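Common to both upcoming complexes is subunit A, partnered first by subunit B, then by subunit C.
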Partner chain A sequence: MHRFVAHRFVSSLITMALASIVVFLSIHLLPGDPVVMVLGEQAGADPMAVARVRAELGLDLPLPTQFVRWASAVLHGDLGHSLRSGEPVVAELARRIPRSLEIIFGGLVAAVVFGIPLGTIAARDRGRVSGLIASIVAIAGFSAPVFVSGIILVLIFSLWLGLLPSSGYVALDDDPLTHFACLVLPCVAIGINFMGVVARMTRSSLIDTLSKDYVRMARAKGLTRGQAMTRHALPNALVPVIAIVGIRAGNLLGGTVIVEALFDWPGLSSLLVSACFARDYPVMQGCLLSIFAIFIVISLLIDIAQSIVDPRVRTGTK
Partner chain B sequence: MAPQPQTTVARVRRSNAAVLTAATALGFLAALSVSAPILIAADPLAINPSHVLASPDLVHPLGTDELGRDLLARVVYGGRVSLTVAAAAVLIAGTLGVISGVAIAFFSPRLESAMMRIIDVLVSLPEIFVAIVVLAFLGGSFWALIGTIGVLYFPQFARVAYGMARSIRARDHVTAAVSLGAGRLWLIRREILPNMRSVIAVQASFTFSFAMLLEAGLSFLGLGVHPPTPSWGQMIGTLKDYIFINPWPVLVPSIVLFAVVLSINVLGDWLQDRLNPELRR
Partner chain C sequence: MNITRRSFHYATLASLAAITAPQLGRSAAAQTPKAGGTLRYGTVTEVTSLDPHVYNGSAWKVLIEALYSPLVGYAADGTITPRLAERWEQPNARTIIFHLRQGVKFHDGTPLTADDVKFSLERIIDPKTAAALRTNLIGATVEVIDATTVKVSQPQPDATLLAILALPEGAIVSRKWIEGGANAKTAANGTGPFRLDVYEPAVRAVLKKNPAYFVPGQPRLDTVEVRMIKSDDARVNALRSGALDMIDFVPWKDIDVLSRMPNFKVDSSGGAFMNVWFNTAHKPFDDPRVRRAFAYAVDRAAIAKAAFFGHGAPIFGPPTPSDSPFYVPDLAQYFKHDPARARSLLAEAGLAKGLDFELIVYQGLGIYTTTAQVIQANLKEIGVNATIKLVEWANLMERKNSGSYDAMLYGVSMKVPDPDAYAYYFGAESTYWAKPIGNRDEVLEKLLADGRATTVTAERKAIYRKVEERLLETSPWVFVNFREQAQAYRRNVKGYQHLGGALNESSAGISLPAMWID
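Moving on, here comes the complex of A and B:
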């Protein structure tokens, strides 16, 4: 167990190192010049100023040297300053990341809480109307683009029922109740799509498991269908579902891009989008680096969780 | 717990009805997109300031948008953009993916594991973030969208093609062909490519819906085709701001996009069941 965790940890570090190289290079590969961003219009007029800013930003050094300087600053917790506001990027990220994680976590909970029962019904009542309806709800959820489900949620819960705010953000410290009211629709919107994935996976995995001998054995020894399902079939059927939740959790992170734009939620993704439009390179790099880090940490945690549930994962036997 | 014979038949019939509906809907939409200039009289770009955000009436069967433009015309013309971008992106992704997957499997035995590791990292990248950064700098345009989305989805095809190429090569009749002196190019042309057709078709159908959603998402954020050219995602992104004035206009492109993605997924599932029953889980 410890060896497996150590091994996965090291390979996560390697992936993170590769990702940081990609993030660092992105600023050099893409068209556009940060110096022009700092100086604005006068960049063309004054070659001396351009050279000075270039030296200040360290852009006159060879690429590998720049990378080492940048990477060591990052390791010391310094991601530079925003070209727009002059604020430290780390401070901005520290404010934004928890807000995005809130949405992801809420979406994940919504997806699992609705998706697993839905998939179970679809598998149990296969060939009956209830099962068909569950399957249709699952594929509809799976196919609904985040902004379509989001808009329909706003229509129902804000416009018609007037229960929840349609968009916006209120800090938890200012008004906890409004904070969570604002959080509900983004979480459900991002979760609906994922719910479809979870339900479909649960259904197919459960159908597979229900035909196994040990389930028949459980029924033969006198358990009811429900007992055989919950005690024997479901736990085994959920192993691949956990795996898919882990693999797709990254997609949830991708979904925050749309959800944050739709609901005016000031999270990490909306920061990245605005930084890209403004050519704010340090903020952009900081966002991308955080996104990769979140992504890698999630998949590490999922792998460890899976190795606890299913020992075959860590010993490598299939 | 095996299903009764008649319920199985009923199930098949029901699922065929769903498939038929999906195929009809897609076919209808494709026909409409192709023949748009002949069938649709309204100009998708014609502005009418005195008739904005209208619900359907006789002149505008689907209502009008925030500038008084005809929504029916805009949805149809937007569909041309959305469908073309997705189709071209799938074509690029599929071609690049199959070529690189087969090439890795056949021509670089030493680099094999390293190449596939790189492909694995590429597959796990969250596409939309990469796309945002690239498009923000390239500037959104029709061709930039196609290129970016196509390149982003090629690793998935490469992985599938690589796996298939490896497994087909291990089959007995292929070994026999090799022992009779078959060359690698002959093998690829006569054995590998024809045998992976169905798997690639299924992958293409799913990638098509992903590509469509990605295009819509990027256009929603304002990174897609430039206005006034319509695309579904871009229409939704603009019209969502008027939802409290009239919720109807934003629903039009939303529902169309949803219906199309749903239809493609239904068809993809069916294709999966038909072509690769052994992959069904």
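Moving on, here comes the complex of A and C:
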């Protein structure tokens, strides 16, 4: 067990190192000059000013030198300063990351809470109207793009019913109630899509399990259909669902790009987008690195969790 | 088109009436202002730096005007009013002597001195700051005469000096505070009507009333919360659902929708204007006949309708609003949509068979892409094939500054309510447009220098008329249309005055101290 964890940890570190090289290179290969963006429309066209700021920022050095400087600073926990606000990137990330994680976590909860019952109904009532409806809801959920379901949610719950704020962010310690009220729509918007996946996965896995011998055995033993389902079929059917949730949780991070813009939620993705347009290199690098790190940590945790639930993962026998 | 022109004029008339005849019993003037309350303002601009000398978008102007004060400022009618300077003299066209108000304190309690004025103006001139007003003030000297008197001199006569110093970008900062190592990008210490309470770059700013503000009775609001919401739909929805009291940059498609709703008021007027820029160093755009052909080919009325939903008055002459003292009525219809004329100009230039070129267009706003598509169709009629290339902002900047384009669609606004603003765009030494492509028109250079050298308005009017004639004749840009900029607010928001022309961006900043919530 310890060997497995150590092994996964080392490979995560290697992935992270490779990712940082890709992050650094891809950012520097983009067209558009950060110096011009710093100086603005007027001064940005003055070659002297541009050269001076470029030297100040160290952007005139050869790319490998820049990378080594950046990487060694990163290893010391220094991600540099934003070119626009002059603030340390670490401070900005520390503010933004928890907000994005809130959305992802909320979306995940919404997906599981709605998705598993929906999938269970679809499997149990296969061939009946209720099963059909559950399947349709699930398919509609994962077919609708986030920006469509998001706008529909705003229209219904905010503009028509006036129940929830259409967008915005209020800090938790300023006003907890409004904080969570603002969180509901973005989480549901991002969760609906994922809910469809969870429901479909639950349904197919459950149908598969229900035809297994041990379930028939349980029924023969005298359990009702419902008892056989909840005590024997469902726990086993959920193993692949958990795996899917884990793998796709990282993907939710991608969905936050749209959701944060749509609901004006100042998280990591909206910071990345605005930094990209402004070519704020240190912030872009910091954001991308954090996203990689979050992704890698999530998959590491999922691997470890799965190896606890299912020892076959650890030993490599399948 | 008629409707937009007319409503545009009405807006101007209304604001003039508001200023000149408040006694006529305007509904807002009839009410007594209330003190206190919070204004929740949503803006499209993501303000990432609060440095009062480095331009950072429209909302930055509003924030800087609220937090800091320049020596002089603008009143809503465009006249220059005292701010930190209670009076001033202009002994000649090169010099202004400012007499400072007594007893003004920065938000941190330090008293304002003449030395702070010197420090601030020198900070603007210092190339390290990359200040917005630097090019206007290069070579200027600032002398402290005594604790409350400062003399500002330009090397050459400069009729625009006072107008420049009245912009919010001419903010006076505290020497002690800046030299003490404060980060002026994330903190603020001014003398303005509000002080900075909370600021998160690109997200929000909360301003609180400055009780020691030097104008008695102002500001009326206790708190101003500025939320930066880039998404147009999110901003409009936040206003509609009651989460905000006021928004800027109302999307053109929503101007009519919001105006029809009973709870909201929408104020709109021409501010920025759209243009086709030519790289006059590239063939065949070095030939004025080709550029004039384009100016005749573009159907401005169609663009106003298609791209701006009727809220973008066409510009057939120079881009001077009709309420400006420098407006020349007989130049206003200089170009019209005339494809036949355009074709014959192309034939004269030896391009009877037409030409192919690439039009660089910003991808981030629908008005740009729609305008470009109409222009593309118009040019097709005269045998010109335009390939539209959509680029993002950083790429657009890079092309503009290196001159790597044939033609580019670009929206600009006049920075100063003075016709010398033309020098900012067309002056050969200005890096904004002319310098990167090496455009130098000696006739224009002479006229622009003459215009700065005199402070006599009648003489200046004659000079700038010639400037505009020259610009239309040579057409380095095709002026397309004014894009109306609109602000929408709840009916209980009072005291807001929407200004047109160069002061449009400053409307909210100028109004803020007198605004209140009913």
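Rule of thumb we're sticking to: the second predicted complex is superposed on the first by the 285 of 318 C-alpha atoms of A that agree within 3 Å, B and C clash if a C-alpha of one lies under 4 Å from a C-alpha of the other, contacts with A are read in each partner's own complex, and residues count from 1 in each chain.
Everything that follows uses one rule, which is that a residue touches a chain if its C-beta (ideal position, glycine included) is under 8 Å from a C-beta of that chain, and two chains touch if they have at least 3 such contacts.
Computed from a predicted structure; not experimentally measured.
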Regarding the shared-chain residue A:288, is it in contact with subunit B (first), subunit C (second), both, or neither? first
So in the superposed three-chain picture, is A:151 touching just subunit B, just subunit C, both, or none of them (first/second/both/neither)? both
May I ask you to decide whether A:126 touches subunit B, subunit C, both, or neither, giving the answer as first, second, both or neither? first
Between subunit B (first) and subunit C (second), which, if any, makes contact with A:277: first, second, both or neither? both
What is the contact status of A:85 with respect to subunit B (first) and subunit C (second): first, second, both, or neither? second
Now for A:262: first (subunit B), second (subunit C), both, or neither, which partner does it touch? both
Check whether A:113 is in contact with subunit B, with subunit C, with both or with neither, and answer first, second, both or neither. neither
If you stack the two complexes on chain A, which partner ends up touching A:159: first (subunit B), second (subunit C), both, or neither? both
In the superposed arrangement, does A:169 touch subunit B (first), subunit C (second), both or neither? second
Identify the overlap between the subunit B-contacting and the subunit C-contacting residues of subunit A. 30-32, 151, 154, 159, 166, 261-262, 277
Residue numbers of subunit A touching subunit B in their complex, please. 15, 18, 26, 30-32, 126-128, 132, 139-140, 142-148, 151-152, 154-155, 159, 166, 204-205, 208, 210-211, 250-251, 253-254, 257-258, 261-262, 269, 272-273, 276-277, 284, 288, 291, 295, 299
Which subunit B residues qualify as touching subunit A in the complex? 1-4, 7-8, 10-11, 14, 121, 124, 126-129, 132-134, 136-138, 209, 213, 216-217, 220-221, 233, 236-237, 240, 243-244, 247, 250-251, 254-255, 257-258, 261-262, 265-266, 269, 280-281
Which subunit C residues qualify as touching subunit A in the complex? 46, 48-49, 54-55, 127-128, 130, 132, 134-135, 183, 185-186, 200-204, 227, 229-231, 233-235, 237-238, 240-243, 392-395, 397-398, 400-401, 430-432, 435-436
Under the definition above, what is the set of subunit A residues touching subunit C in their complex? 30-33, 36-46, 48-49, 52-53, 82, 84-87, 92, 95, 151, 154, 158-159, 162, 165-169, 261-264, 266, 271, 274, 277-279
